[in-house]
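Two complexes are shown next, each including chain A; its partner changes from chain B in the first to chain C in the second.
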Partner chain A sequence: MKYLVGVLAIAVSAQVLAEPVLVEGGQYVPVVVLDKELEQLTMPNFMLDAAPVTHAEYQTFVLAHPKWRRDTIPAIFHDGHYLKSWQTADSHAVDDADKAVTQVSWFAARAYCKAQGGRLPSLEEWEYASAQYRQQQGLTDHEYARMLFSWHTNPTTYAQLPLDPVAGKLNHMHDRVNEWVEDFQLLLTNGDDNDVLSGSCGDSARFMADFGEASYATFFRYQSRSNYRAQSTTSTLGFRCAYDVE
Partner chain B sequence: MKKLVLSAIASALVVACAGAPQSGSAGLTLKHDSEYVIDGKIYGLPEAKVYREDYNGPAVVGDYLTMAPNLAKLDYEGNKEHEVRMDVFSQKVEVAPGVSYNAWTFGGSVPGPVLHVREGDRVVFKMKNRSDEEVVITEPLKGQAPYLSQIQASELQKHEAVIAPMPHSMDFHSGTVAAEDKWRTIAPGETIEFEWIANYAGTYMYHCGTSSVLMHTAMGQYGAVVVSPKEGYPTDAEVDQEYVIVQSEMYLSQMGDSYIYDHGAALARDPSHVVFNGHVSSLSENPLRADEGDRVRIHFLNAGPSGTSSFHVIGAIFDQVWVEGDPRNTWYGMQTVLLGASSSATIEFIVPEEGIYKLVDHEFADAERGAAGALIAGPRKAK
Partner chain C sequence: MNAMIKLLAGIGVAGLLASGALAQDHSHHHNHANHTTLGAAEVRQDDSIYHLDANWQAHTGQELTLAQLQGQPVVISMIYGSCTTACPVLVNDARRVYEALPEAYQPYVKLVMVSFDEDRDTPAALAEYAAKYNLGDDTWLFLHGEDSDIRAMATMLGVRYRKRPDGDFDHSNLVTVLDTQGRIVQRTEGLNRPVDDAVKALMKVIDDNHLMHH
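Up next is the complex of A and B:
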């Protein structure tokens, strides 16, 4: 709670509970090392949705922006499975209102956030918020790693759980869906040079700040998401939006 | 230009050879303009294609794909072009009594199918990433590989379809190609198609090469390709039984009622299970069979991902061993064969008497965690 200040969390509906929260800026050492030396980043304040976007919220967006219906979305913006689980082109499945929306491409996620006056978070913003969320949850490194590897072993079970956000703080960063970030295909770099091996084959050590299982869990989230396309939609990949602070 | 001319000459020579086939050899055939020959081996295969397709057919297609320990018979002369399909998707599998986990698989089982080809054969390989689908492999589908029929008959791993979307790739150690092209990662819903030539005889690992390779491999993404030598092994006529064993480590820990991958244990090389052919009971529930006096050949692959294997048959001595399965690498009279991760050997022994022969990883910390099985030998039969 030290870093997080809840805003607008007055009513108790799920939608309001998931209102954006302020992520207070500060110093941050990324787990994934993209430079020749360990980098300390100074993160500015920003707002982040308290929880992933739900089917109900996404349905409101689709009704207001019919070009993002699954029967009108341009083919170049998805892989053929966009909103496949929905009952119709403008209504989600009956039981899904409070679950994280999935089967949404990066293009669609960006359009949604833009329509809310926001944007997708950057990788560093998301990971910075995730680090604060770990503190807020009181997760040890081992518990955090187990949580993430458990998610990877059975992502569908987690993705199907309804959201249960608590007002005024970040929720469900690790236990529902993997989430799009703006620069999800960020290349692995070593200073100014693109790394020729790109961490593609068990050669991740150069990119790790340390070799603990928690860092591997974080790196694995980063690396596996890098291999999606902007058109990709899966049943376990959702998103939340970020907002600049004036 | 020089390369082009040499390539053209090589092609002409190859075509000339193919026009006058030697007995048992149809010769090499160049198929694409980019291909060339060095020392009788074909290189320079065309770029992989990645695309999206609607596909609901069998997850494994090809006549020479079997479930270990079975090996398909090569019922053709010379070389052949194989159309092979091995889709990648998740499946809940049992690896020990009461211990199941959601594996990432090639073709639905752990290990994946055994592909049998002959040195010089061409493989046209296709793989769809169906990890965002429930792929059922326990119901027979028209056109499925023998691998799926054998799984349906076995039921040892108690397969259940599960969904776990994840980018994956395929790295065939039996292929000689630019890895960043052919072994590239594909996202859920995508299909990759590429060709490779079985340039070298031997038993080779294949696995997912997507980071973390340690995790993808430990989750179940590996199998064996057996490339039989063009001219055979010197003992071909005397072999009575031929089998395939794939050894691997599992790194699982209990979480609630289920088991999950334990990356800490994988980094520490502290497996929960070490298995032959994917289950601690594979070769005790379904032991290998032979008769007294038989010559038994085993293509043994240690898939790792990180451990070594010291394979030993209790009561037998390996008469001949071909390291990596290459007939030029002959060793004799071995009690144990030590294999590093992704190494193999083709092993032969004479079954000395009727009885039960234990197969073990003689690193007994591994045997105690499951790396054990049996060959049951019947009475000697007249030949």
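Up next is the complex of A and C:
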């Protein structure tokens, strides 16, 4: 009984700890350059969930929005594995409450964020937040690259770890799940010069700003994203929501 | 490559200007509800893009959801009004599909152009666009929506795009045929492509659904 209470307390506090945090705007140089002319972006302030959305949080959403149950979601919004790990259509697996929800399609992730009054972060917002997170955590390029390569070596194991967020700051940007962004379908090339539908690995690498190990690790994440379809529901892909600041 | 695109675009614009209004006689199909009015209905097909429940504003000022397009085949593409390269060609490609249909089939087809550009392509701007290219008759529907709905629509259609810092858009060029339920039945990728497959797909939808009355 004591154990149960402990688990509940963690569940509640994790939810509070995952409250959105302010990401302060500023100058930002993307690792993957999309415009020949413009290499530095000016980012506005925005709010971002401190941690990825959990199974428990997602369950609350599904209960309130039955359209997004796995037994009612239209087939066009997923690839067949939507919430497959759940015990039933309206309850996640027993041990998963505090883990990042996965097996959610882009459509589902967007619907969740919309229901919270938010939206998915844009790719640039997410990457900008990731850069700030690296600074906050004091991660060297090498440590960051090692973390990402470690994740990519065994993403399923990382995705299964419970979230353990610290209040008031960004958490788990690199060590749990990959995350949906609004414009994940990265345009790999520029304008009418290329047929964007045929973009491949080789194409996008041309647009890397530098080839250090940290940039290469980041590039891995871009590459993963461009492999997703909006219907994808993999077990290593979750999301967090962003919110505009007035 | 750029020169090629510009050449194609030039041909497209010339085609638009030269052909004038879509002067088909529509008087014989006014009693067909599936064309002249857009009746709302529940989306039943599991793989229909009409599950997107966004609200759109047409160049006519009419508000609609995609589900209201049910009941007729649709040729759909995505463009933006201030685009002078690929977009006029895409519009012209949709028109070429339409004009390659046997005349008896034409009244059953809707040509829908969805704008990437929430800021600049207001319904009024789209009305101007339609008027400029003589696309004002009720075969055409130019749609204005919100960024997030435009993104969902593009994703459904497989159109990739990105707003550039200068306000213009990089985008893929795709003309898609939807059946009466909003399912994708045929896609043509690229500019100024042959229209035969799209025409065949449209005729099949019209025939299979017995849309033509005799």
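One rule holds in what follows: the second predicted complex is superposed on the first by the 217 of 246 C-alpha atoms of A that agree within 3 Å, B and C clash if a C-alpha of one lies under 4 Å from a C-alpha of the other, contacts with A are read in each partner's own complex, and residues count from 1 in each chain.
The rule is simple: a residue touches a chain if its C-beta (ideal position, glycine included) is under 8 Å from a C-beta of that chain, and two chains touch if they have at least 3 such contacts.
Keep in mind that what you see is a predicted model, and the values were worked out from it rather than measured.
Touching more residues of chain A than its counterpart among chain B and chain C is B. In the superposed model, A:R146 makes contact with chain B only, not with chain C.
Shared-chain residue A:N227: touches chain B; no touch with chain C.
Look at A:L170: by the touch rule set out above, it reaches neither chain B nor chain C.
By the touch criterion defined above, A:F211 reaches chain B but does not reach chain C. Contacts of A:P74 after superposition on the shared chain: chain C is touched, whereas chain B is not. By the touch criterion defined above, A:N154 reaches chain B but does not reach chain C.
With both structures placed on the common chain, the touch criterion links A:R119 to chain C but leaves chain B unconnected. Here chain C touches chain A in the complex through residues 1-2, 5, 43, 46-49, 51, 85-86, 148, 151-152, 155-156, 158, 160-162, 164-165, 170-172, 189-190, going by the rule given at the top.
Listing the residues of chain B that touch chain A in their complex gives 52, 101-102, 132, 162-167, 171, 179-180, 185-190, 209-215, 253, 255, 258-264, 267.
On the chain A side of its complex with chain B, the touching residues are 79-81, 142, 145-146, 149-150, 152-156, 199-204, 211, 213, 216-217, 219-220, 223-224, 227-229, 232-237.
Across the interface of their complex, chain C is touched by residues 34-35, 37-38, 74-77, 106-107, 110, 114, 119, 182-183, 185-187, 189-197, 230 of chain A.
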